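Both complexes below contain chain A, partnered by chain B and then by chain C.
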Partner chain A sequence: MDITRFKSKGFFIPGLISLVLLILLATLPLSLGGYTVVLVTTILMYAILTVSWVLFSGPSGYMSLASAAFFGVGIYIGALLLPNTGQVLPLLVVVVLGGLASSIVALGVGALTLRLRGIYFAIFTFGLVVLILEVLNWWEHTVSHIRGRFVMVVDNETIFYVMLAIFVATMLTFFFLRRSKFGLALQSIGQNEEAAAHSGVNVTMVKVLTFALSAFFVGAAGVVWATRLTYIDPYIAFNFFLSFLPVLMAIFGGIGQIYGPVVGAAIFAYLQETLQTEFPEVYMLTFGIVLVVVILYLPNGIVGLIPKLWRRISGGQHANT
Partner chain B sequence: MPILEGEKVTKYFGGLAAVSKVDFNVDQGEVVGLIGPNGAGKTTLFNLISGAFVPKPGVIRFKGENITGSKPHQICRLGLSRTFQEVKIFANMPVMQNVLLGSLFGTPTGMASANAAKEAAELLDFVGLSAVGKTPAGGLTLANQKRVEVARALATKAELLLLDELMAGLNPTETAEAMELVTRIRGRGVTIFMIEHVMKAIMGVCDRIMVLHHGEKIADGTPKEIATSKTVIEVYLGE
Partner chain C sequence: MPESIVTILDIAIGGLLLGGIYALIAMGLSLQYGVARVLNIAHGEFIMIGAFSTFTLYTVLGINPLVCLAIVGPIIFIIGFLLHQTLFTRLRIAAPNPGAYEASSLLAAFGLLFVIQNLALLGWGADFRAYSYLNFGVNIWGAIFSANKLVILGFAVGIGVAFYLFLIRTRLGKAIRSAAQDPQTASLMGVNINRVLSICFGFGALMAGIAGVLISMRVPLNPAMGLQYTLIAIIVIVLGGLGSIPGSFIGGFILGIIGEVVTHFEPSLSLAAYYFIFMLLLLVRPKGIFGK
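Here is the complex of A and B:
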């Protein structure tokens, strides 16, 4: 037996499906174009945020509400280094820099606060979003006197492909981390932190590094998002909703399976976009009802339905509990 | 030669001395028991030795090295491992992975995955849990969950094992099996320091017994000496 729980069986087929999906996605601008590309870019952005959240909070059990902070840091790096007045650095370099900046923030915050447990950690990470927002506000009011920034315009296809690349990188990291020795350590921390520490796991290091790793992808996505927004100010960059949405999307999709968060983010983002445009008055209401139903009746999320349906189709012989 | 030494080990919780100026030592290859009434400071002493708490003041040395203030994972990697009074297992992870974690992370130099898996399988066999390797650890009986903890602790290549009430909550048959397990662990050359309330068990397997009362060490001697000691009897039965 090996630590690689997901090894051997069920490796080839999901790999093949992922590859086909990836090719379909990559050729999307050629086949459909226009609005679909914009919509899928949005979905990819949410998927990156959600998978990054699950990467750390899923196994470790530390509920982070810092997504908006990391995303906002990425957006600001994007706005500073890709102003509409003229590009300072190539887009991809800025994407990496945005990711690194978010990672550094996560390293600092993580080292300070990952000793907090449960709700205290959640509240602190949310406080981080508010803190950065207010500091930026103060800075722009009293020091720099620049209010709002215009960001370089990038065409939708480029935005799409860069977002897709970040998404693939996030998924690969998530996939390999789960199977690795490091992932096992992270999981043991979520199950019993004290026992993990006394079994030789450097719990602080594992937590802080994973937190920083998850922040990287969020920051990178933020840079790309800045070029999509084209105008930003602190309130646009540090949007509180983006701290909660990844959590909701993950729960919605189900965090037990690797594809759960992606499915959750995709359906959620699609619903949000369409409901918002089709039924702007009842959008939040419908959204809320769908969420409540999923949480009440599908404790394992949308993807938790698949084994259930499969059991029903196959008559229960393959019941796998 | 002492593998573990403590000098004036003290720990205050607020104004209360949970452990007060305790000097102790455990020799290589010994099985030493630690007894005392509830609240005597036994588990606190184990927490101090394993790095969960830092003694203040006091010094703890393991294999001659000062480990006062070291982190739990560092102490574990030096070869000092423990189990817990309230079992602390990774309940949703298979039994095998519980043990594997110890061999992957707790060994002094770290281990390649293949060796770690082999080591973990060997230890599962040693504690008699080979058949349930793939079961989530939370689904086992208490006696078997305690065995998972023992296997995980041994997987770190422990030279000294701290057993915190291995037999608490077990039925007579399971207690006898646990005693037999302690003897076999000793047979592997592992030194054992154990807290136990089951007197029959501790008198039967220990070479030496230490008694704590209100955080202070009040006796230290062979099981026979302890069983006949006037102070110990007073503490347990009243004057």
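Here is the complex of A and C:
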């Protein structure tokens, strides 16, 4: 790896800011506690889902709607291996196992379907969510006769720290992948798949591996989320809404910048937590309106708005940025 | 007649009845996706609007549901037309390439789903609603079907055939077919492409609305009912071949019969069976059965 890159000032200052933010986040339970910790955990969960989505779909241009499937696999692994009585495995081991299970599903799906182009891939991955949900539902009803499963209760601070660790791992992976040769190969696939293949990029391998990598974090977050839900059934675990939310949050925040998806996820998670319980219809209605407005007027997201505003304020002197 | 033949007849006719609705819904989505390139995930919401409007018109004003077809249909056509003129045309012009348009219009349609569904929730509430209309049995070769199912099948087939003739025989139909093949060339040949695509989108919404009026005669209504029909429509248009109107018409009946067969053996697995067939099809023959 090229060390000189890390010395450049383009790396140092954002790195320092991230570190300070991370320390602030890590000490959050000590300073605020209670509800704030729960809220920030939710934000982190959405940020993991969104950044994982951008990790694969951003550069490659393949719109994946499989997030809910990977998340659901994680939740189910969590429920199966961390039952509320007779739990054997420690939480962290199950988190890794849940991530691996999601990755394996992604490997299988990716190997089968990544030759599908454009909208077919989106439809297929969405179908995957419904298929797993329906089969699992049938299994629970007719074979295992279990309506729902109770999950081990974990205190909010532990949930928070595990979620934070997964979030940091996701961000670091995202950051270094974008700068690696591998990430470059993925980007070239997004721009022109044939040209990438002719330049010696192993197109299928790069796509499938990145898809599996992005699924890992979603699955791991699913395990942690299961301990927060404490009760799950197939419909709770495989909520197809969660396939679209990361896409919306990413587009809302802007996928051009590394912090765009995180900003988008934070705003939406906050709105959801505060509005959904009291005015569910109004929340969903606003959600729809914002989605349409963002797609119409803000193709680069709110993060893309900042340089635009800056240019307007500074009177066009920085037109080259 | 032997018992097994009655069962087979039962499944076959039941499948055709189910297939009629599927065909109508899928033809609408086929116009919206196959021609106008909008994978309208809010398609089912137009069904829901059609169904709820009929419910209100019938229970409050006492208007016959079959008359509602003539009231609800044109209104939903205008809504669809205007939506495409304002929202989707704008997105189409702004998109750098067709792929980007497909992605942005899918997301915009997803936004619409939430807007329409939650407006309906605020307006009609989350309870299931139902009314009774033409709810008596008709005997067909020993198997008994309710009359409203037969009316639904009749209308679905009638509308399907009428629309096919419209596409083949009229000038506007020709413009729609040319837009489906190549929008750019069609506009060079003097077709007002924005208007034709909006008309297609409007027709798609119209078919969903009519399907909604028909569905309301026999299933309980709920603001969240739309999505399941959208998912079925997506499966059917892939099954029949994207952009092929006759393909989605026949595909609807095929899926209806498959659904009835699976329901006969294991009712809770019918949706899973649809998706299994769908995913298999995407892998083996993504062009669909009638695709070019």
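As a working rule, the second predicted complex is superposed on the first by the 304 of 321 C-alpha atoms of A that agree within 3 Å, B and C clash if a C-alpha of one lies under 4 Å from a C-alpha of the other, contacts with A are read in each partner's own complex, and residues count from 1 in each chain.
Here is the rule we go by: a residue touches a chain if its C-beta (ideal position, glycine included) is under 8 Å from a C-beta of that chain, and two chains touch if they have at least 3 such contacts.
Please read these numbers as outputs of a predicted model, since none were measured by experiment.
J.: Report the partner of chain A that touches more of its residues: chain B or chain C.
T.: Tallying touched residues of chain A, the top partner is C.
J.: Between chain B and chain C, whom does A:Ser188 touch in the aligned arrangement: first, second, both, or neither?
T.: first
J.: In the overlay, answer first, second, both or neither for which of chain B and chain C A:Met63 touches.
T.: It touches chain C, and chain B stays clear.
J.: Quick check: in the complex, which residue numbers of chain C touch chain A?
T.: Contact set of chain C toward chain A: 39, 87, 90-91, 94, 99, 102-104, 106-108, 110-119, 121-122, 231, 234, 238, 266, 268-269, 271-272, 275-276, 278-279, 282-283, 286.
J.: Over in the complex, which chain B residues touch chain A? Could you list them?
T.: On the chain B side, the touching residues are 50-52, 71-73, 76-77, 81-82, 84, 88-93, 96-97, 100-102, 104-107, 113, 117, 121, 133-134, 149, 152-153, 156.
J.: Sort out for me which residues of chain A touch chain C in the complex.
T.: The contact residues of chain A facing chain C are 61, 63, 112-113, 116, 118-120, 122-124, 127-128, 130-131, 134-135, 137-138, 141-142, 244, 247-248, 251, 281-282, 284-285, 287-292, 295-296, 299.
J.: List the residues on chain A that touch chain B in their complex, please.
T.: 1-3, 5, 181, 184-185, 187-188, 191-192, 194-203
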